[in-house]
Each structure stands twice: as structure tokens, then as C-alpha cells.
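Naming follows writing order (A, B, C, D and E), and every chain is counted from residue 1.
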Amino acid sequence: MSGNSLYLDGVSVVFDGFQALNNLSLVVEPGELRAIIGPNGAGKTTMMDVITGKTRPTKGTVRFGESDLTRMDEASIAMLGIGRKFQKPTVFDALTVFENLELALKAPRGPIPCLRWRLNGEARTAIERTLAEIGLTERARDRAGLLSHGQRQWLEIGMLLMQDPQLLLVDEPVAGMTDHETELTATLLRGIAGARSVVVVEHDLEFVRALGHRVTVLHEGSVLSEGSIDHVQNDQRVIEVYLGR
Amino acid sequence: MTRRLVLLACVVLLALIPILNLLPDASPFHVSDFIVSICGKWICYAILALALDLAWGYAGILSLGHGAFFALGGYAIGMHLMRLIGPRGVYGHPILPDFMVFLGYTELPWYWLGFDWFIFAFAMALVVPGLLALVVGYLAFRSRITGVYLSIITQALTYALMLAFFRNDMGFGGNNGFTDFKELLGMPLNTPATRSVLFYASLVVLVLAYLMCAALTRTKFGRVLTAIRDAESRVRFLGYDVTQHKLFVFVLSAMLAGVAGALYVPQVGIINPGEFSPGNSIEAVVWVAFGGRGTLVGAILGAFSVNAIKTWLTSFAPDLWLIVLGCLFIAVPLLLPRGLIGLLRRGGGK
Amino acid sequence: MLRLLMLLFLLMAPQAHAQDAFSELLPGLTGGFAQQAETVERLGALGDPRALPLLRALGDTRLLRGPDGTVIVSPGQPPPGSDVIRINNRVRGALRGALGRLQLGSPDPEERLRAAEAILRNRSADDIPILEAALGRETDARIRDRLALALGGARLAAADPASKRIGILALGRSTSPEARALLLQERIATPDLATDIDTAIASIDQRLALRRAAETAFQGLSLGSVLMLAALGLAVTFGVMGIINMAHGEFVMLGAYTTFVVQELCRDIPWLSPWSLPLAVPAAFMVTALIGAAMERGLIRFLYGRPLETLLLTFGVGMVLQQVVRLTFGAQNREVISPPWMQGTLVLPGEITITQNRAWIILFALFVLLATLAAIRLTRFGLEMRAVVQNRRIAATMGIRTGRVDAMTFAFGSGIAGLAGVALSQIDNVSPNLGTGYIIDSFMVVVFGGVGSLMGTLIGAFSLGIFNKLLEPYAGVVLAKVAVLVAIMIFIQRRPKGLFALKGRAADQ
Amino acid sequence: QATPIKVGVLHSLSGTMAISETALRDTVLMMIEWQNARGGILGRRLEAVVVDPASNWPLFAEKARELLAVSKVDVTFGCWTSVSRKSVLPVFEELNGLLFYPVQYEGEEESKNIFYTGAAPNQQAIPAVEYLMSADGGGAKRIALLGTDYVYPRTTNRILRGYLNSKGIADADIIEEYTPFGHSDWQGIVSRVKTFASQGKKTAIVSTINGDANVPFYRELGNQGIKAEDIPCVAFSVGEEELAGIDTRPLVGHLAAWNYFMSVQSPANTEFLAMWRAYIKNPRRVTNDPMEATLTGFKMWAQAVAQAGTTAVDPVRIAMIGQKVNSPCGYTEEMHANHHLSKPVMIGEIQADGQFNIISKTPTAIPAENWSPFIPENANRRRP
Amino acid sequence: MLDVRAIDLSYGASRCLRGVSLSVEPGKVAAVLGRNGVGKSSLLRSIMGLERIGGGGISWEGADISTLAPSERARRGIGYVPQGREIFPFLTVQENLETALAAAPRGSKVPGEVFDLFPILRDFLRRRGGDLSGGQQQQLAIARALTARPRLLILDEPTEGIQPNVIKDIGKVIQYLARDRGFAVVLVEQYFEFARDLADTITVMVRGEVALAGKTDALDEAAVRKLLTV
């Protein structure tokens, strides 16, 4: 497995005096599936913002393989093979579900290639496969703006899959899904990992358990605890700030 | 489908106008010179509307300065037409246009060189607006200026150009601009035959522009534009370079506007800094909104209908036309949520 | 009848005072302009107190030539058969000097001040004794300054160099361009004194430079305050509510017309008419606010969430309003008179002169800004207004009556536009096009300052105003404006969301 | 029943120029009514065709074409700005129409299809400056030329500069300042003029400021205390209409040069005023120079049609030359072969009541020099 | 008591709710369950007045409210926590809470108990709502609804994105509000255990219709779970 690792080293982010990330260091190996949990406001989403170039860190280094992510813009980072699902689902309302996926599909991204792009059979099957996977086959021709909250979540996941990235950053994928769907999602992510790296943020511990990999607990912008789910669940500090008694 | 048919019918009807003009005056199907000349003018407006709709309706770039590109295209051709006057000017100077003789220029400013060739002037009608759009667009899109901020920047652009062109010291004839044109490509300008030629040229450009825009919006590029319009930052996270995409349409749209201006000037016989006035650009936006934003047919329809109503009302009710037209502008968004095109849709839809 | 009784006939038949020098001069007043001017000068030099009312009447076009060639002072309408004696600028100049001489002893300090100034302008060496006497009597410091200056001027006009030198020194202490002009004239006339004059001029120039800098700053502030007033209403309707209100300029225009109407209503009520402008302030606010509320309830509310259609609609409303006003009031300019306390200039220490109307407008603009800020930041209404704008549906589920809030917000913004109209009626045309000239600048200011930030509007307006005025002397009016526009465009590159941008996560979306 | 004679009216009724042009529309309508009350011309009634070119120059050309090609008008009265005239000129020449242009302008033009009934520069600007430099006018030695940046001020000022130089006034004693249309902030310029005036020589302002910009300009002049006896300002575009929007008390003594003032005492003017007030139903409405020029033009055209016995353009055009009208300005104006009128020049002082007091006028009407001798290039001009 | 009787709702041509009924008494919690897109949020929005219903009726405390504007419903004591947080992004936390005082008498303050429940908000009072993290925003949305002291509380997936110990607290609060304060509560939830533990009645929706409804104890859990997975 060639792949790139993700390094975060000593990353801090300060918003008008508020320390959202505090000297955070984290390594995600190629092919690893990493779950990240932590209290609300621990900095999980901010961490993803830093990796994807939405937020510039106040200090510290962020690297993906050889590339220094702090010097790149969002689009180039995405082109490196880092895809993201947002906590608040954002899809293109005016486009159909199918078109949303088509846009996400891995292909050259410049204006001219886009002008020349033709939907060939291969691409069509890929999209249709994903549609089936996210359960939106029936809604393929509907505008995405009409979807319910949960359906939008699924569409976001679908778009992430279409990008076929090396590193997937998934922010709260199962919020608003039924228990059954949660299980499906866990299976899906487990299947993806190995070939690609996956970082999942979730509050649903059942889901995290189902992923069955290493868990990192963030608190106040830095790592509080790291290990298997059982290890973490029995960590007094984690119980204190996160799980409750 | 219906929309396509309506469009085709309109094009055919338009194409007939200069032919009907040839019929004898007495014939019931005769249309007057006047109709030919204003329809020719409206076609140019329609091209401008189309250009604007491409940027605004599809990519969400609400330019309040598209009139500037239109006017620059017009000035480029205007300079050519001025050069063609030659020694027929009032002061009989072999090279300098009248206003320069008059303001005491001794030689042609360097930026006037080359405009004696039609090809060069026409190329400039494309290049100058395109280049300006490239520079302004690059700076703006790179720093992620969006929404009203972008609108105001473009408005400032056209306003600044207007003030600059009003200055007599700029070498573009100041407030009076260019008039008194004599000929174009060897044809004397003020004849019905030339008018018909210009009319057809404009119509062909309109049809081509429509086909190009329609094709463009149907590609994936078009869908990326729509996506940018709705959630620009999300598009970035998918790996698209938003700046490039926006720049591409913006420049294309500016060049289209430039062509429209280039076709317009020989038909109306005057170009002056008034064309840069922000009001004109806003009016173009109004055509698009009136016809229906985000549908190319709507933009064309809007340009034609607003101008037709305006032409009719300024003669029919010179005192009240502003009120009537104003009320129309009020009524359309209230009653037809998608603009005039909404009517067609409703009628032909399902 | 009453008028005839009141008519104060000052019949001055020449034969009655045949030997009198004063009476001998009188016929000269009915001659040609050159003769008039000469007569006036001689009357002034004569120092006869009877000349004072006569000359005043001449200046106010109340002096009549009776049917028999006599001269009559009339307080009102000229009686039939007599003509008003007309004068021209040359006579006016002479008149000012003569009146100055006659009024130097007046009990009214304002009159004495004017007299001192008048003498400076029409100086002659003959005035030295009366000026010295007046200076000796005078206690008021301001008038003493002026008298000293006038005396300096008079000495400069004297023949002997020693006296001239004293004059030069006196003038050199002033900050007045008139003094400088006198010195320059003198420099040409008597080259011997060039060095003295040059030092005096240099010293004046130093103070003048300071004064000019202060005046430029004032002009910038003034332009800024006008921009801000015009933009404030838009900062509410556009900045806060997000409605692209193309009719904003027309609301400003309506405010100006309300001022005109209030003035016309008050015209025939003498005790009220000086107060018509202050009365117009609430009236204009009410009128435009009501129209704004009607427009919001009747039209705009159907279009929330469709900003572009709102643009079309408000554009239409603007057209209608403009033409309705044109048809009702006519296309011509309407005359709005400035109350006396807004006319003329105010002289600050260092001879810095600022025009009164503009000084008032600066104060008024700041007052309107503070009131707006208070309304938005401190009141319940302000909170509900911002909530409704950010999320109309959810605001409703909080129990906020969104319709009412919308109407009130729009009315509020429109009302402020009306207030701007009151101010603009004092410096610009009251015509149907009044608003069109300001709409672009207003949008520019709001955007430059940062949409949604009133502080941004304030800072934006003032910095644009001052920047513009600083450039103007070098670049000329047009290029200065172009430069300001280009500067805005470049600035927005650096700060894509204006001076006072909304920051943070929410703003990225 | 004979077909009516159609009279086109091409004045902006909306937009920036409406302020000035609506009154001219009303004047033409009034004249048509007046003529019809006299039984029309050649036994035919007159009928107005009014259009609104909305202060938009290309629209002027479109409307001109519409008047000529669709409405088939016999004559058109219209335009105010030079650019609007330049915009319609090719249309009138192409379709061989007849346009009466009633506003003072910069000259340098002559078209067989246009009759210019306003003043050329030698009928307004030069006599005015002559007056300023005379002893009566204050003997000005320094001149500030303030204008709106368009052709009329540029040309007029060029001519004036040539004239002033010929009178021994050096370029150092002349400043020119140009502002955009509708300029409203005059603080800087007025105070610069004050500085310019403090250099020791008698200074005067020559204003070619156009339209809307005048009100703020005069307000600033008044507020900064510039008195006519110190720095007189003579204007070429400010008439009674413009003054109606200003409190003129602080401006008494400033000047304007025209070929007609409302305060002219002449029987023709008395008749004009009475007719106007009755027509407009407002005793306070004023008249001004372009209205007088419209009236004179209209009467001349009516006489020419009657003389030619037809409304056809070519015969009327020939009949026009040499027509004389006893104009409200108190003089007889005559149409010359250069399509311009001979006109008297009057200087008026602003009065407290917003009227002008005429303080100087030429003894006779002066013929127009539409090609100014002060512009050297006119020497190589192509003769039409 | 809230009584929803057989309401219909369509978005354009597509029907989203068909004859859905629901009732809650004061002191009781009614849970509405269902897969994505079955119309749960649409039902809540209809109760709140954000959608105009096509048929049926809604009454609250004996009065028919089906035609009232949302703000009037809020003034009658209905509090709403929308799905997807929907806080006011440019208002501070404090101001966000104060918006809910629109119907309260002048000078009312945000009740202190809100901060006891969500202590984090007290630290962030001056921070803009939009800057908060997802979970913090969700907490703010619930706190805001409570600030208005409603008598009927409508919660659309309130636990979404919230950390486990706070979820437990929210559960307790809902219980407290219903049992001790006599609130009526309508709860839409995907987190089955959470809903089951709180609810007195459960309504399961499938494709815009009520598929199963009844008292929590009386329902067959397996059947419910089955409806949620198919």
C-alpha cells in the first residue's frame, strides 16, 4: 500500500483569543481507520478545517505525505486526494442528486476538461452504484434541495465516495440516521479503510465500537487519550469530561 | 420543447423583418426603416442580456458593470469608424478626427494606432473587454470577493470608466464621444441596405451566442457554475479551482458583451460615455430579471420586451411611461415568480 | 392706504438746501454707474449722518427716482411714476466702502465689524485718522483685529515709505488672503519694499497653509457626513435587511420634497416660518417611513428570499416615485431656503472659515448615526430586527411577529433616507433627480464599510470624504473621484468583505 | 378637411435633462395652440407629436428616426445638449428632416437640416467677458473658467482663452476647472478660486457650469461669502429657471449673459409672458432664453411655411433664410444663410427676487459666428 | 392538550403527509419515529405553522390553531427546536436566547436554569452563535426554546451531534419538564433507546403515514425496529 500518511504536529488555532486547537499532534497512517471523539467544542471540526485548508493554523505543521497543507488552498488539497464530509450537510440544492454525484466524481477539474466532459458508461455505472449504496436511486432525478435532512447526510457521504480520495475526513456521518443505517455506515467505512485512510468524528459510541479501530479523544484542543474503544471508555478523564457516569 | 419552438419562431420572424422592409410602402406587410433599425438595436441588447445571464444566472456573478464591456466594444468599433471618416471631417484633417483637431492634438495618440483596420478594431472589441474582465475578475475572484461586494466593484468599474471617458483629455472625444460616422467596410452607413446587413450580422451573432451559451450550460462546466453559485466554498472542497471557472465565464461574458457593443455602435451611429453609466448596466440586469434569470431564452425575451415596451411608451405616453413601466417592473416579480419566461413555462409546461 | 401712510417720504428737493454739499451731491445718484460710484464715494467721505439711510436704501434697491427727478427712500413698493435706482457691482463696491466709513462709529458691534472689513477692501490713505480714532475707542478684540488690519491696509496706501512699512508689518500679522493680495499689489507698485513685503507674505503663507489644511479637513468631513447620511438608510434596508433597495435615492428625494412642502406650509405663518427646517425633520421621517412601511407590506414582503426580484421591484418603485413627483411638483428645481442660522460662514480661531450649513449637516449626520446605532444595538426592536433578518422562519417560531418587524425596519431605513433628504435640500437641488446622484455613492459606502456594520458606514463615509478632498487639489475633481473608486476596488481586494467585515465561521458560509 | 401639419417635439421629459427641457416642450405646445387659434398654417391645423428621449443620447437618435419615419412629422423642435443634437444630426440629414435647436451652444457646426436659434459663442461669451474687463464690470484682470466637462464649456473656454490672450491677459492669469455633470460638492473649487483671487489682481469667474450643478455651486458661493463686488461670476447657462431653485439674496450682483431675459421691457415680451402664464396656469412660472429661442424659431418656421406654401422640407428651408421675427427680446432677429440668427447680447445682474436686472445690452442684434475666428483650425475647414 | 387530526401536507405535487394524527397531553412525552424522509420534520413544522397543511386540523389547549401564524403559536406557549440547529449565526449567545423572550413581558430575563443545564453557554455568552461548534449550537437551540417557558415543547432530533453525557442530561430534563412541570413534549428522534426511555407514546411513520402508534409499554419493540430498518 503506497498511500500517504497525515501528520499534524504542534498545531494550534486561535480565534480572537480563544484557543480552539492547542498544540495538537496526530498521525494517521496510510490505510488506517481512526475514530475521533470528544466533547462538544473540543476542536474536532476545527481540526478537519485545518487539514482541508479552510482554517489556517496559528502555528504548527500539517503534512500529507510530502505536501505541506498549510500552504495550499482548498482545491489543491482536495486534488491531493483529501475528501471531506461536513458536519452540517452541504449539497448543491439546484442540482439533482445525480448531478451532485457527477460533480464529485473523480475527473480532471479544470474549466476546459469540464467543458469537454462526457458522461460515459463507466462513469454512469459508478454513479449508479453509489446511488444504490446511499439509498437514493429513486431520488436521482430530484433536486437535492428537496431532500430531507437525513437524505442530505447520505448524499454527502455519496459525494465523498465518488471523489475516491486517499484520505476521507468524515464529520458525524450517522447523526440523524436510524440504528440500522448506522450499522450500514460502519460496514461501509470499514470496507473503505485499508485501501484508504479514514478519519471519522462521531459521538455515537456504538458506532465507534462497530468501527473497531483506534480511537483518539480530543479535549480542549489537544489529545486527551488514545487507544482501543475499551481503553478509552474506561479512562477516568474521558468519563469525566465526555461520557458521564 | 415549446420554448425552443417559440425561439425558432422568433428568429424566423426577426429574419423576415429586413425582407419585409423591401416591400413597397403601400403593402400591408411593409415594415418601416424604423422597425429595422430598432430591432437591430434590440438584438444587440439581447446579446448583452445573454452575456449577463451567463455570468449572473448560471455562475451567480451579478455584474453591475456589464455596460462597461458593452461600451468598450462599442468604442473599439467607434474608433475604427472615426478613422474611416478620414479627411471628410469638418476640419478636413487627413488623419485626426475632428475633436482632436479641435482640442489641439498634433498627432494621433499611440492607442489609436491600428484602428484603421477593421480586423484589428473588431479584435479589440473582443480583446479589450476580455482583458479588462480578466484583470478585474482575477483580482476579485482570487480574493474571493462575492455577492454584493463583487456587484459594487463592477459598478465602481463602470462608473470610474464613465468619469474617465467624460474627460476630454482622455482622447476619446469626452462627453460627445464619437458621431458623424460615414462608412463601414466600404458601405455607407446611413442606408437601408447597410442597416439590413448589420441587422443580419447581429442576428447571426445572437443565434450563435445563444447556441454557444446553451451548449455551455449543458456541459459539466455549466453544472459546476451552478454549484459555485449555490455553495462556492463546497465546490472548492471537491477540488475545483473556483477562480478559474468564474474567470472563464466572466471573460467569455465580457467578450460577448463587447461584441454586442461593437454591433450596436454602427447601428445607432453614436457612442459616448453615457454608455458606461451605471444606470445602463442596471437596466441590463433589469431586462434579465424581467425575462427570467437563469434561462437564456428569458434573458433574450427580457431585453426585447422591456425595450419594446419602452420604445412604445416613450412615444405613446411620454409623460406617464416611467410610471407604467415601473408598475410593470413591480408586477412581474409579484405575479410571475420566474419572470416572463414563467408565463411560457406555465403555458407550455407539463 | 396704510402703506401710503407708512411710506416715509424723504423729499430732498435740491432748492431747499442749495448751499448744502450733501444735497448737491444727490443728483449724482441718479446718473450713470460711473457717476453713481463717484457720488457714493464722495458721500462717504463727507461723513454726513443723513447719508447713511440713503446709501443703505441704495444698496437694498429701495432708493427711487421720483417723477420730478428727486430722490426718495421707500420702505416698500415703489409709488407709481417713480423708478427704482439700479446699481451695478462697481457702485456696490463704492457703497460698501462709504457705508464702512459711516458705520465705523455705530453702536452695533456687528456693524462695526462689517465696517472695518469694508474699509480694508476699499482702503485709502484718507481713512487713517478715522481708523486710528476708531481703534482707540474700540474694546472688542475681534473688531480691534480687523481695524488694525484695515489701518495697515490704509497705511499701505499712504505715500510715505515709513507709514507703508508700519502697514506691511500690520498686514503681515494677519491670516487673511485679502491682506496677502494687498501686499502683492503693493509689491508691484513699490519694488523698493519688496524684501519687507516678502517676509510679511511668507509669514502670512505659513498661517494660511495651516488654515487651508484645516479647511480641507473640514471639507472632507463635510463630504463624508453627506455620504454617510445618504448611506445610513441604505445601511439599514440593504445592510441589515439585505434588500437591494434601488428606490433608496427616491426616498432621499421625497425627504427633500417634504422639506419643501413644510416650508411652503409655514411660509404664511410668520412665527413658524423660521422653524420650518427643524419641523421638516420629523415630518420627512414620518412621510418616508410611512411610504416605506406601505411599500414593504404591500410589495416587498412577498419577495423575501428572492433578492434579485426585489431589485427589479424596487427599481420599478423608484421609477414610479420619481415620475409621480415630477408630475406633481414639476421637473424644475424647487427652492428650499436656508434659515439664517445656516447661512454664511463661521470663523474659528486662526481665521479658519467653515460654512454654517455644512457644519450643521455634520452635526446632524452624527446625531442620526447615534440614534440609529442606539435603536439597533440597545432596543428590543433592534434585536428582533436582526433575528428576523438572519432567519425569518425561526424568528417567527420564537414568537417574533416578523411581519411587523419587517415593516418597521424598512420604515426605519426609509425614514433615515428621508432625513438625509432634509439635509441635502440645504446643499443640493431639490429636483426629482436628487436621489439618483447619491444612490451609487451610498451603495459604495455601505459596501466599503462592510455590509451590516453601521460603524463601517461611518468610517467608510468619512474616510472616502477626506481622501477625496485631499486628492482634489492635485488631481482635479474628476480624477480624484476616479482615484477614490479605484482605491475602493483595490481596498476590497484586501478585505473582500469591507472595512468592518463580519468575521467567523458563520460568515464563511 | 386638410390633413394636419405634424410638429415633432423631441425634448427629454425624464432623466437628468428633464429639469431644463420640459419647459421647452411646454413652449412648443403653447405655440402650436397659439398658431391653431389663428387658424393654423395654410389652412391646416397643427398637431404635436411628443416623444420622450429620456436624456439618453442614443435614444434621441431612435426617437428622431421614429418621428421622421413613422410619425412623418413636418418639422421637429428639440434637443438641449450638444451631444443629443450630434446624435440626431445624421438621422435628420439621412431622412431630410427639419430640426430647430433652441439652445446656446459652442458653434463649430452647420447642417442644412438644422436651424440654430440659440446663441453662438460670439453672441454670448465674448461680450460677457468684454463687460467683465470694462470699467463698469470691475476691470477684471484674472479669470477663473469653471465648467462642466463637456464640449460646450471646453469650446467656449478655448475661444475665450484665445480672446483673453489677444487682450493681453497671460495664461498664468487664467485657470480652468472642469467637473462632471451634476457635480454637487463645490467646497474645494470655490475655496481654490478664493485663493486664486487673492493674488492681487481683480478676479472674475466665468461659469459654463451646466444644469443641476448650478444650485449647489451658487449655494457654496453664497455660503463662502463670495460677493459680486469682489469676485463677480458671469454664467452662460444660468437662466431664470435655474435661479427658481435658489435663494438668490446672497447672490445679488452676479451676472449672466443671454440674448433674452424675462425682465426685458418690450411689447413682444409682455405678450409672451401673458401667453405663457395663461398657458401654464401658474403666475409664478418664469420664462428664459431657450424658451424665447423656441418661440422665435417657431414663428419663423410658420412664416416660412406660409411663404413657401408647403411644409415640404426643401422649400421651407430655402424660405427660412432671411425670415425676420420681432422677438420678445425687443429686437428683430433674422435668420441668416448660416442657419443661425442675429441676436442682441444682454448682461443681467441677479436680483434678490430671482430675476435679472439688465445692465448692459448691445445696440443691435449681432450676427452669429458659428465658426469662431479664435479657433485657428477653422481656417482649414471644409466649406459645406 | 395538543391534538393533530388527520393532517395532509403536500410540497407541490408530491404528498408528504397523509392523514397523520397525533395527540399529547400535558405531562406526557410523545415520540415520533421513522426512517429518513418519511415526514417527521414536516409533521413538526406543520404543528409549528411553518408549513400550511392541506387537510385535517391542529388544536392546542382546546383552540384550533391550524391557521395561526407561527409567531402566534409561539405566543400560545409552543416551543420549537428545529432540526439542524438553526440558531441566529450573527447574534451572540445571549442575544440568541433573548430572542425567545419576544412574547414575554418587558424586562424578563433568561431563566438561570437554562445555564445550569448547559453550563457551556454561560462561558460563551458573548460569542457569536455561528462560531460555536455543532454540538454547542444544538445545545443553544434547546436552551433557546426553553427560555420562552413553553407549555408544549417540540423537539426535532435534539440529540444530534451532542456529546453523550449531555445527552443524558437532556433526557433528564425532558423527563423533569414533562413529569414535574407538566409540559407536553413531542420528540422526533433517531436514537431509539433514548426515545423509548422517555416516551409515553410512540408513533412510527412510514412514507408520510402513521404505521404504528400506541403506548410505549404496549408496543412490540421488534415490530417498531423492523419499521425503522426496512
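We adopt the following convention: a residue touches a chain if its C-beta (ideal position, glycine included) is under 8 Å from a C-beta of that chain, and two chains touch if they have at least 3 such contacts.
Computed from a predicted model, the values in this text were never measured in an experiment.
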item	value
Between chain B and chain E, the fewest steps along chains that touch one another	2
Required minimum of steps from chain A to chain D, each step between chains that touch	2
Chain located farthest away, centre of chain B as origin (C-alpha)	E
Chain whose Cα mean lies nearest the overall Cα mean	B
Farthest chain relative to chain A (centres taken as mean CA coordinates)	D
Geometric centre distance via CA averages, chain C-chain B, whole Å	42
Gap in Å, rounded to a whole number, between the CA centres of chain E and chain A	29
Rounded Å distance between chain C and chain E, as computed from the means of their C-alpha atoms	61
Sites on chain B at which at least two other chains make contact	163, 166-167, 233, 319, 322
Multi-chain contact residues (two or more partners), chain C	322-323, 436, 478, 481, 504, 508-509
Chain D: positions in contact with at least two other chains	13-14, 149, 178, 180
Contacting residues of chain A [partner chain E, same complex]	15, 18, 38-42, 44-46, 87-88, 146-151, 153-154, 172, 175-181, 203, 205, 242-244
For the chain B and chain D complex, residues of the former touching the latter	32-34, 37-38, 41, 88-93, 101-103, 163, 166-168, 174-177, 179-181, 189-190, 268-270, 272, 274-275, 311, 314-315, 318-319, 321-322
Partner chain E, residues of chain C touching it in the complex	380, 383-384, 386-387, 390-391, 393-403, 452, 502, 504-507, 509
Residues on chain C engaged by chain B in the complex (per definition of touch)	238, 244, 246, 299, 302-303, 306, 308-313, 315-320, 322-324, 327, 436, 440, 443-444, 447, 451, 478-479, 481-482, 485-486, 488-489, 492-494, 496-498, 508-509
Residues of chain D defined as touching chain C within the complex	13-16, 18-19, 21-23, 135-138, 149, 177-180, 182-185, 187-189, 191-192, 194-195, 197-201, 212, 215-216, 219-220, 222-225, 227-230, 232, 241-242, 244-247, 250, 253, 349, 351-352, 357, 359
